[in-house]
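What follows are several structures.
Next come two complexes built around chain A: one with chain B, the other with chain C.
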Partner chain A sequence: MSLLSPERAEPAPVPPPSRATPRFDLRRLGLALAAPLLAVVVALAVAAIALLVSGSNPATVYARMLSEGTTLRSLLITVNNAVPLYLSGLAVALGFRMGLFNIGVEGQYQLAALLAAAAGAAVVLPGPLHLVFVVLVAMVVGALWAGVAAVLKTARGVSEVISTIMLNVIAGGIAAYLLSTYLQERVVGSNNSRTPRLEESARFPNLDPVLRSFGVEPPQGTRLGGFLLVAIVVGFLYWLLVSRSRFGFDLRATGLSPSASVASGVDAKRMTIVTMLMSGAIAGLVGMPQLVGSSYAYGLDFTSGLGFTGIGVALLGRGSPVGVAIGALLFAFLERSSATLQRIDVPTEIYVIMQGSIVLSVVVAYEAVRRLGVAQAERSVRRAVDPEVAG
Partner chain B sequence: MSVPFPASAPSAEIPVVRLEGITKRFPGVVANRDVTLSVRAGEVHAVVGENGSGKSTLMKILYGMQRPDEGTISVRGEQVRFSNPGDAIAAGIGMVHQHFMLADNLTVLENVVLGAEPKRGLRLDTAAARTRIVDLGERYGLDVDPDSLVEELGVGDRQRVEILKVLYRGARVLILDEPTAVLVPHEVDELFASLAGLRAEGVSVIFISHKLDEVLRVADAVTVLRQGATVRTVDPREVTARELAELMVGSELPTPETRESTVTSVVELAVEHLVVRSTDGRVVVDDVSFEVHRGEVLGVAGVAGNGQAELVEALLGLRPSTGTVRLGGADLSDATTRQRREAGIGYIPEDRHRQGLLLSASLWENRVLGHQGRAAFRRGPWIDRKAARKDTERIVQEYGVRTPGIGVPAFALSGGNQQKLIVGREMSGDPSLLVASHPTRGVDVGAQAALWDHLRHARRSGLAVLLVSADLEELIGLSDRLVVMLRGRLVAEVDPSDTTPESLGSAMTGASA
Partner chain C sequence: MRLSQNGRLRFAAVLTVASLGMVACGSSGNDDTAAPAAPSGSAAPKSAVKVGLAYDVGGRGDRSFNDAAAAGLDKAVKELGITKEELSPNASGSDRGDNLRALAEDGFNPVIAVGFAYAESLEPVAADFPNTTFLIVDDSSVKAPNVKALLFAEEQGSFLVGAAAALKSTSGSIGYIGGVETPLLKKFQAGFAAGAKQVKPGIKVQAKYLSQPPDFSGFGSPDKGKETANGMYDSGADVVYAAAGGSGTGVFQSALAKKKLAIGVDSDQYESVGDKTLQPVIITSMLKRVDVAVFETLEKFTKKTPIPAETVFDLSIDGVGYSESGGFVKDIKPQLEDLKAKIIAGTIKVPTTP
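Coming up: the complex of A and B.
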């Protein structure tokens, strides 16, 4: 007892506690924005080096991407492409928030889209009910497929990273088999095999009338997909669930410290299963913008890779619904604007380089910014409670 | 003395390692205060002290993992500055951690040379490595087959591999951090035989332990730390285990407060035949039965690792157990952790960072932790953030948590303030039983006194408290009744008004129980 520091005898009277000072919050906001911005700048620099090496002028290329990417047509395409990326990012992010890595969004949405397409073509239902049915089937299939990984993890301790990756391969195999056998509709004069087309009653209306009401006429052949609205609603529900609900509290607590959350009474197994099911259900939605919005069938040409890109989007967005939205829009914008580079003889793969460097640098940037934040918070507390120590 | 040692022959007067005036502060705690330690060549030097007495911090400083705020380190008379373990290794200091750091799927040879591979051109020079390892093994009596896979080895062999690894890098000073904690008795004998071999070759060993009988068996000198400071360096031939225990816990007695007993006749917690097994099937809590009454503090004394932690976790439902646990008449034997907490068990965990806090979450979110389902913060499926904020502000005021606000992340607070927040939180859930594990560990004096007051106050208002602590003053000062836990059993019951830290200390080591 007597050996411990006597010099700090009387603690200074505690100042009346207040809500965190606004300045502190402003700093936190600045820190939150610093990381993704830093990552994007680094990615642009890396891509610039790649461009220089391949003999192009980065300034010209970036200027062209900016001008091509901001035409009305490009912007509409960007938004349309961002919607599935956003859903995919949310599916991954939900797992991230509790420390679960759902790498299986790819397989979940492929299988979900196939079975939803087949189920939707097989039934006859009136108007919106048909649409709702198709979407629900997709969510249930996605959830169940993710549930396999959850059961493996809770019952046998199999890492969900490994099981979901392997389930992707299995899902691909099952989908290919079903598509070439039971669920196929022969299309005359095409090599594509696909499911039968969905009836009008299962199609999601597009938002072109809304655009027109604002005086914007969508260019020929371009539409604003209606699933955007669903994505916004899902984003809002995600926020409500994660940031406001008791379930979300348990989820975040588990992500922050599994040991502390278990000690607080969280049932880790139940959390794993429920979260994985929800993540899979969101993953099931990823293929829906295309299925009920444009292709109306699942075929060999159905977009793939959205599940993997979603991991990058989730990383960039740090699990916040707004962040994920920004990540999805950014990725979609880069993809769209680089697609036009072929015409000036620049390989469009520059987009892949940028995407990769964003994901890599965002991880580094977040860590750097996190440390900065830690130091700042500690300083602010010291300053508040121990004025003579603050330096 | 079951292992005969050749008479040690310290060659020089200059100590191999000398730490002088080492002071290391962490926010809110002084981990080391003016510590001095001097190790001669060919000496087994034990460093003993209770948990939290600063042993590990001191060794981390010597091994370059942390830098001292004040004080100097000299190796063979020359003052050195280590900024990382690499520097320490270069100076001939090696450390064997309590938790082995070996790659299971590599051979002994590969593990030993890992990171310091002898090369011929670009290839690993296996022959040279094998010769050196076999040679080292023979010289120091560390017999392991260089070609067996580490995953096939037992714990004792793995430890020898760790020691070989360090010697292979040219260490002349070995730090062994609680090396016997993981060993069964005959492995301990083997380890001590190896230590004799090392000593004969002039290697110095710093042996961290709190098992006093082992220390007395193996050490040439013993340095005792208490609350971050060196108490004394003694010759093990001149002290008994009891005297060492006294030095460890300190002979100061808290003035027994004249206090009225608040113990009621109502049994709040009744535990019967509780058995807890570790994951590998060992019995760690062995048929334990006890009762805690309302208004009573039951202290559990014992050397760390005798089942106290497991007992606490079993009561909280964090570990599977058999036997019955009844709280205020309700049977909780099969209840989940959440059910137990909602039934009225408050929990102050031993390791607040691991079990008590979400370090990067704000204070008010930490206030909700463990009380997610309580009516106070519950609004349908949502968390009532307003109520949580308000109640956090109340705790900050009432418990004197020093913070600029309730929005700051928990890691920014000092250890004492974090603990005050936890105690405040657990008292606020209107608990009928508080399970407090080392409630004032790593907390500064002011905060400690405040926390004690809160515990006494709660006891007066009828709370039943199960107190596990390594701080004997705290146990004696707060408890109405004391039980001693040894090897998973409750071996003795002590009246705290009639005991001293010394006699309690010897009961804990089994010296006189």
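Coming up: the complex of A and C.
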């Protein structure tokens, strides 16, 4: 019945440690690993069919994707591109855990990045303070924009799915208006509209020195973005919050059964507002790796679509921070392979087909595995109750 | 509760898949025509030049801007005997810089960046490869000795089709539909309105855009084009200029249904529209010859003629213009040619902002 509900995903590949030591169950672990593996195999098979139809040899294409995708440059680019996808996935996943659907990450991060870029360019602050200020502005803007949907839901009962989708459109309109009027810096000869560039003090240092200290020399022009560290910290805080706090317990309980959790004293409205605000704050970070790490300005060429891709990443990650990280890296790897595919005259849409079929097969595989688990549990209960019935 | 939650979860899944689908559609047909150009016959000259071309989002097959660049590239491959490599960015556009770098690193020279969105990512790449020549279309903000700008006087071409629209209008009201509200598209709007007012000072010019950046869907949404055009025609306009890339088809469909007229953009859309029933409504198209710019610049490069830092493709060198296919503007051609001569001579100054 429940095809997608993330809370059913407890047999995740890396189950978050829970207070009650779970009885180690080999079969359960096997099932948990089976689902994602099955999903990847199915996706590879679907893409292979598409490749065969378009006249390419899947084996050579996959070999090429693997060999070119694992060069140092490709790996660095994959990690850099995975960082915003990870943050976007976490923002969506946090809502998932309590059954809230934040489809508005797209609008939240675009608006947050624009206003953070403008605010950052407008003030003069010393070193790290400037950087912190820009990032905080982004988080606050993202949170407030998501908060609109939260208030609409708690005060008027408006579904957050509908309101966040609509807020995406409104955010786009506001951003376009501001960017073409007050926040624009005119650059001679440019058809771009962008905010003024951020000063050095608001830029996030890259991690190249760290790479060098490990004896790895990054290829010319490719860097390991420093925001990776922030993403790791956010992932850790997410785990701490969801799996280790009273709030997280309430959050998951509300996701599992809203009525039961309300009956046991959880303030559902407060939970909705706080969760949406936090989801929005994380969404506000999505544009930061680019803003403070590489472009230093928000313009028409700012990366778009990360909020929507984040939904797929969150579905892949089944709400676990490690799962979302794996999903983000997988998506970034596939995206990077689009360049490889073009070089060998293979339609680049193959990577989109793979992304789509991985998400779909993960959803289906988890449901199949869940049913298998339920059937097994039923059988063992029946056996325990009535020894006559042979399983 | 459980049920409603499932509903929402399903909806999200559908949305995700739908968004992936849209991504797929947005860049469909990339490689339909990207078969490696076979060296044609013994007459074809051979050149050692290896050109790398980076399209903007949408890539080859968009029937608009990118395809115009592709046409110029194909012509150069055929007539100059050069070798080519093409790359399109991924759907989010996050790898523009990576693509330019990959082309430069693999020894392609010159490297062509199609679209202003490449400007920011071009700057550091150009600095890292000082011996590679970079050509960028629609931007002149990157100042480096090895970066050459290919610019267009879109306002001049739009001025002429604006005059044509006004001369063909019987209702005294015409419309402009821009794909995405960017400074570049405002140039089209400004020229169009100025041209119309030049020949009919009292004419009413409506202007609408299909999407706001960073949403660039307005270049590929025939449905939005159709709806907006319906509104304009219903409110009295009888000629609408569709400066909206792939969305233009919707405007033409609306014109056909409402028995009104329309004007195409970038390429001669009377020829490229693909649907013969739409041809009678396309009275002319504003030509933006990206193909000419790409080909001529590659020709200069191959012949080692120096390429100026900035080339403006305007009316005087037929870098922009209007199309005459279908013969709809035959009767007003003398007037249009007269305006064209005045613009070239500088007696008419065409504004670039509305």
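In this text, the second predicted complex is superposed on the first by the 347 of 391 C-alpha atoms of A that agree within 3 Å, B and C clash if a C-alpha of one lies under 4 Å from a C-alpha of the other, contacts with A are read in each partner's own complex, and residues count from 1 in each chain.
Operating definition for what follows: a residue touches a chain if its C-beta (ideal position, glycine included) is under 8 Å from a C-beta of that chain, and two chains touch if they have at least 3 such contacts.
None of these values were measured; they are calculated from a predicted model.
Visitor: Check whether A:257 is in contact with chain B, with chain C, with both or with neither, and answer first, second, both or neither.
Guide: A:257: touches chain B and chain C.
Visitor: Which holds for A:181: it touches chain B only (first), chain C only (second), both, or neither?
Guide: A:181 sits against neither chain B nor chain C.
Visitor: For A:213, select first, second, both or neither according to whether it touches chain B, chain C, the two together, or no partner.
Guide: neither
Visitor: Taking the superposition on A as described, I'd like to know which of chain B and chain C A:245 touches: first, second, both or neither.
Guide: first
Visitor: Chain A residues in contact: does chain B have more, or chain C?
Guide: Here the partner covering more residues of chain A is C.
Visitor: Give one of first, second, both or neither to describe whether A:380 is in contact with chain B, with chain C, with both, or with none.
Guide: First partner only.
Visitor: Go through the superposed model and pick first if A:339 touches only chain B, second if only chain C, both, or neither.
Guide: second
Visitor: Quick one: classify A:295 as touching chain B (first), chain C (second), both or neither.
Guide: second
Visitor: Between chain B and chain C, which residues of chain A are contacted by each of them?
Guide: Overlap of chain B and chain C footprints on chain A: residues 1-5, 257, 259.
Visitor: Show me the residue ranges of chain A that touch chain B in the complex, using the header's touch definition.
Guide: Touch list, chain A to chain B: 1-5, 8-9, 11, 14-21, 24-25, 244-250, 252-253, 256-257, 259-267, 374, 377-378, 380-386.
Visitor: Which part of chain C faces chain A closely enough to touch in the complex?
Guide: Checking each residue of chain C against chain A gives 1-2, 5-6, 8-13, 15-17, 19-21, 23-24, 27-28, 30-31, 34-36, 59, 85-88, 90-99, 101-102, 116-121, 124-125, 128, 138-141, 149, 181-184, 211-216, 310.
Visitor: For a test of understanding, state which residues of chain B touch chain A in their complex under the given definition.
Guide: For this pair, the touching residues of chain B are 27, 30, 33, 226-229, 250, 252, 316, 318, 336-342, 347, 349, 354-362, 365, 368-373, 378, 381-383, 385, 389, 393, 396-397, 400-409, 411-413, 417, 444-446, 473.
Visitor: Give every residue of chain A touching chain C within the complex, in rising order.
Guide: Residues of chain A touching chain C: 1-6, 77, 81, 99, 101, 103, 110, 159, 161, 172-173, 175-177, 179-180, 187-194, 220-222, 257-259, 290, 295, 297, 299-306, 308-309, 311-312, 315, 335-336, 338-339, 342-343, 345-349, 351-353, 355-356, 359-360, 363.
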